[in-house]
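Paired with chain B in one complex and with chain C in the other, chain A is shared by the two complexes that follow.
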Partner chain A sequence: MVSTTAALVVALSLIPLLYLLIRAAQKPVNESIALLVRVKTLEVVGTTALLVLMVVLLTGFFGLVIAAGLHFLELPAKPWLVIPAVLPLAIPSYVFTYTWIAFAPGFSGFFAAVLILFLTTLPYVTLASLAGFARVDASQIEVARSLGLTYPKTFFKVVLPQIKTHLSGGLLLAGLYTMSDFGAVSLLNVDTLTVTIQNMYRASYDRTAAAVISLVLIVLSALFVFADENIRRKQQAGVAIKTTTIKSALIKRSSYVATTSALIGVYAVLAIVIPVYVLLSRFFSNTVEISWQLLLQASFSTITVALLGALIALLLSIPLGILLTERSNRFSQFSSRLILIAHALPGVVVGLALVSFGSKLGPIYQSTFLLAFAYSLLFLAKSIASMSASLRAVPTGAKEVAATLGLNRWLVLKNVVTPIAFPGIALGAVLVFLTAMKELPATLMLRPTGFETLATQIWSYAAINRFNEAAPYALILILIAAIPTFILSRPDKSDRNKTNAELVG
Partner chain B sequence: MGKVVRVGFITALVLSLISGCSFGAPNSEQVSELTIYSGRSEKFISPFFTQFTEQTGIKLNVRYADSAELAAQILEEGSNSSADVFLAQDAGSLGAVSAANLFTQLSTDVANQIPAKFNQAQRNWVGVTARVRVFAYDPKRVKTLPKSISDLTKPIYKDQIGIAPTNSSFQAFLTAVIESKGRAFAKSWLSSLRANGVKIYPKNSVIVEAIDKGEIPLGLVNHYYTWEVAEALGRQINVVNGYFEPGDLGNLINLSGAGVLKSSKKQDAAIGLINFLTSPASQKQFVEQTHEYSPIPSIQPPANLPALDLIGSPAIDLGSLKNIRQTQDLLIEVGLL
Partner chain C sequence: MTSVEIKNLDVELGTRKVLDNLSFNIGAGQIAALLGPSGCGKTTLLRAIAGLIQPSAGTIRFDKQLVSLSSLVLPAHKRKIGYVPQEGALFPHLNVAENIAFGVDRTLLTKEQIKQVVKQMLSLTNLTGLENRMPNQLSGGQQTRVALARALAVKPAIILLDEPFSALDAQLRGELRADVIKLLRNQNTTAILVTHDREEALVSADLVALMRQGKIIQQGTPEQVYTAPLSATTAISTGDALVLTAKKLTDGRTDYIFNPIKEAAQIAEVGEVVIRPEEIKISPDLSFGKVSGKITKIDYYGHDAMIVVKVNDQLLQVRIPGPLDYTVGQEVGIDHQGPLRFFATT
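What follows is the complex of A and B.
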């Protein structure tokens, strides 16, 4: 049953890939080869790979440091500090980039793109590391400390190995996002594969050539996903588990506290204050009357369809999640990898694939449901990546013990696996929600005609340079995004309450 | 609870089936709504749609998106497209849909005010507004104005010029250069321009903003961006439009236009919308509100702008500007794309 459902999910998620293969096959082979081996393609592949590499390195380092600070240090107003560390996730990349260009004239080129994409994707790594830290066995830290290990040594020897899977899940998402991004790189004049793909649609309406280049992107993405798998495999699965939820004592060392606070502060300035400042100054330098009704309507539409998308993504990822925990066989691993690889595709490709299939479905085409479904397919990888990192942290021993104690399959899943994997599952759902809210290319193609979301409204004003009129919509988007971010920022608390309740019960 | 959900689901299913059936409405005067795919932005075009609805009682469902992406979407939808009318910002997007044979051929009494040279030859689509390529410049910093595009490669303009090579209007202009002067000329012009330190920008509007900020003194854009940027910033900007000598390729005229989808079951109503947009009243409104030119010769040019025939646009058949692919390849070859 579960396997069949999982197979169905995989089939659905492969629609974009299937579409690309069909379109690419329509191009004569010699033309495709000429396209692939031309110098420009090779250059673009090089630029894309280098961009991904730099973004992954930067986000890996800073994400880890910030998350560690947030988790292990005694920081003032801690839950509030998580918000600026995560919120930039909700700012659409074209708004982000445009505000930077407006702020710093001449801001352009490869390193500008590295900076913007680093700023945009840092939350993926911060959040994934936080989810990992939440599962780190505190007693081991105590032991390491009592044996005289310094904090940094304890971190590298005891903590880091335990969160490696989470970290790599976050890096995977950051890298795949970088590959698929169009907004930032196009505005900054950096030629990546997505820019080439988009140019092929935009200026030459050549869908087959775009499909061929998309397949190159898929290959690059596959290399990236498998490299990540190799790193993970070197680690033993499920080595540690928090046996109790006793938290390690928070560290109060002032130099650490100052460094973390400064890092978050600088990040907040670069990734939130500057965009918001530019938007507000545009708004106040040329104020327009805000249509509250439209604003409210767009907010409501955005929340509804993004929530529905997150829910569908969650439902779709469950069968694969179960398969990955119960019998992590070739099929389940291969499927989850395929879904991750396809995540590098830019929204316009996925959008067109769904237009191609969806337009044959009659009334379902361009319905709210199909749009939500598109979100779930676009962002299924976020759900899977976050979930599987947590699932890997579930020790096989715990499952076996539970089974020998007479718990059946569902009870093991419910009472043993789900509580341990919960932070990852919740993280996945929130990531889908946050990114669906700002999704643009697929939304433009698949929304019901006349249905406007915050992202489409921002786009429609930004396209004609009316950033003053786009500002209210962008600010509301950021405010709405703050809510799930805030809830997510307190996993420790909900975790503790639940376990206490369980202990009492 | 489960039952309620199930009943609700079935009701929804039945309702959606019923509503699904109704969209095969016959081609008659009972048409109550039309679906428009619009590459023109909501802000500027929606007042026209409102007026159309007021006059005819036909409700318009409008999908706003980028012209090129809407064209790609229509190509994917094929005969299943839900669009009745496609309204695009550039001739290229319309050309792509037309080449796929998805537009209805319009008879000569449709949009009959628009001169033939501003329509596609087979009348698969018709021009709605015209825009002129110009050089926008900072009057305080540019003392000697260029007379032709060849002047731009001279030393006095070194590091002075901004272009947007990914922009479809720029590519249409370059296609015209290739078509009329040959690829070799276009290539050497682009290479000299590059050697002359031309600066690359993502969009026309960003070029105009860069001139206003003093980043560059001069840039190649469409004429209406000086208004669009000033209106967006809510203040006067330090940028004016300049024209090359009459007949120079730098003064190319581009079109925005519209076509009716073959798959539309509401051909008459769709044609009604096109006639409405090309009527003298609507045309005057375009000129006043969006500062674009009307292709109808009797309609005055936008305020403070020279008439189209005074600018002296090059004699180029807009239908010949399809070969954007070759243009892109050239841009790639000289390293500008």
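What follows is the complex of A and C.
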């Protein structure tokens, strides 16, 4: 039963991929090859790859340094410093971009895109690294120190090898985000694969050519997923040793403390202070009358469709979550890999696939449900990760004891599994909600006519440089998104941060 | 061989004073055991010696070298310490050989020499053949051996062992403890063993230090701390003990359950006597000793038995060697045949 439902979910999640394959196959092979090897396509692939590479390198370095500082150093007001390091998660890349364009007119081009996507994706790497550091047994660090290693040597020889999978997970997210980003690169006039696909779709409605280019994007994304999986597989031999994690003394070295504080400070200025300052100043200097009704409507639409998307993702993740927790067989491993590949599909690709697929489904086409379904497919992997992690956290002993006390399978699920796993599952749903709220490219393609979300409104105004009018929408979006982001990174719940960061990572 | 001298050491963690004016000396090549309940500061003392935390006052010397003077401390990586924490803390990403070679100075030794060191350590700790295993493929006992081999490989001045056997089952714990102590003695290494297991402390160490609330309340050889405790508390720390109310009389006699003094006498001090269960003897002959009682419980351990005898509403534990010749409900004569340790209550 669980396997059948899980197979159905996998099939659903593969709809976009299958559709694109079928669609691309409709184009004659020689035409497809000509399209792929033309100079413009190669340039776009090169730009996308270079952009991803630079963002990954920058986030990798700075995310690791900031996370290491937050975990190992005695920083002033330390629990609260995680907020500026993580809060930018609430700000989508297209809002960053438009605030920066408004702040520094002329801000455009490849390096501007590198900066914006670095600011946007840095928290993924920081959070993932923090989760990794929390799992390293502090005794090992003390042993290494007692064996003659300095702090930097201990970090490189003991800590870093153990957090490779976490770091790789964070970098995977940063890379996939960059690859699939549409808003920032489009506003900054950088031709990447997503912009090309969207242009092809909008300009000529040539969905076959767009499907062929989408496959390139999928291959690049899949390469990322496989690289990450490879690192995880290699790491498996060196984990799962039972240890008692002790609290290590925090490092007080002033040069380290100053560097980390400065880095977090600069990041907070670039990623929070400047965008928020621009939004507030634009909001208050706005001379055009704000349509409060439109603002309210867009906020309501955003929350509703994102909630529906999170709910569908939650429901779809139940069978696969259970399968991944209870049965480790070929099917579950294969399914998990397929879901990961589906997760790598950028919003623009899923949007394109569902536009074409949905147009054949009559009433569902151009419905809020199809948009919410697109969200659920886009973020299903996040939901499944939280579902299986939360279910795995339920001690087998507790379930067995409950069974010996006379509870049937249903009652064990209701009285033991659900109460223990619920908080983690709910946080996973919150994460899907947060991400869905900020989603732009799929929303632009799939929203019903006349249906505006905060993201589409910001986009509409920002694309024509009407920054003042975009400001209230952006402020509301950030405000709404900041709440779940704060919940996910609450400094007073440091134990929970581990799990949350893993969900994010 | 290195001696350790700790003088007036204070360690504060946050607002809590964990070590309070603590002084302690260990001779070169000695094995010392720090014995005390959880939270008394044993591990903190060990970490201060290792240089992993900074004392707020006091000094630590290795031989003549001052390694810690208030806020001036020699960093951990320069102290030549072998540290074996609870459960070993092996590096999970390295195999056994790589774990053992981890701290060996690569600037002083060639690859071949490092291989030799690893081989020697593997043989010393009975791990030969396991060099390519990952830590998660080892049993608890093997993990502890690897941790010890890793610590010994750097030829440390001092070895610090923080409850290294606590996660092992009783039989393995005993065997491994004996092996480790033998190894440390053969190497003539100065070692400090943190434990809350009193038997482990007495069996393993040349010097036992009893800790309570950040202080050392008594130190001495295992025999000294066991047979001549400074208080009822230290007596209980090192083994089973009966603490009985008693009165010291002005004529020098002591009035307590085994020596009831009926005639009027002037009391000099009121206090308690501490008696070990093996210092009490019983006999089926009711005329044995000055008092008699009824057996209420027998715990039989094979090599010996703990018998509870009720005397005048007081339950007394008596340890007798096997074989067991008594039954519950039997009346027995009972006497105290050992040193009389009287501690006046203040």
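Going forward, the second predicted complex is superposed on the first by the 315 of 505 C-alpha atoms of A that agree within 3 Å, B and C clash if a C-alpha of one lies under 4 Å from a C-alpha of the other, contacts with A are read in each partner's own complex, and residues count from 1 in each chain.
To be clear about the criterion, contacts are C-beta pairs under 8 Å (C-beta built on N, C-alpha and C of every residue); 3 or more make two chains touch, one makes a residue touch a chain.
Please read all numbers here as calculations on a predicted model, not as lab measurements.
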item: Which of chain B and chain C A:G148 touches, first, second, both or neither; value: second
item: Partner chain(s) touched by A:P441 [first = chain B, second = chain C, both, neither]; value: first
item: A:Q162 touches, of chain B and chain C: first, second, both or neither?; value: second
item: First (chain B), second (chain C), both or neither touched by A:L296; value: neither
item: Which superposed partner A:G106 touches (first chain B, second chain C, both, neither); value: first
item: Touch count on chain A, higher of chain B and chain C; value: B
item: Which of chain B and chain C A:L12 touches, first, second, both or neither; value: neither
item: Touched partner set for A:S359, first chain B, second chain C, both or neither; value: first
item: First (chain B), second (chain C), both or neither touched by A:V273; value: neither
item: Chain A positions touched by chain B in one structure and by chain C in the second; value: none
item: List of chain B residues in touch with chain A within their complex; value: 16-17, 19-20, 35, 41-44, 61-66, 68-69, 71-73, 75-78, 80-82, 92-93, 96, 166, 168, 171, 200-202, 205-206, 209-210, 213, 215, 228-229, 232-235, 324-325, 327-328, 332, 337
item: In the complex with chain C, residue positions of chain A that touch it; value: 137, 139-140, 142-150, 157-158, 161-162, 235, 237-244, 246, 248-249
item: Residues of chain A touching chain B in the complex; value: 40, 101-102, 105-106, 108, 186-189, 191, 199, 201-207, 285-286, 348, 351-352, 355-356, 359-360, 362-367, 441, 444-445, 447, 449-450, 456, 460-461, 463-469
item: Complex contact set, residues of chain C against chain A; value: 47, 50-54, 75-87, 89-94, 102-103, 105, 134-136, 143, 147, 150-151, 154, 160
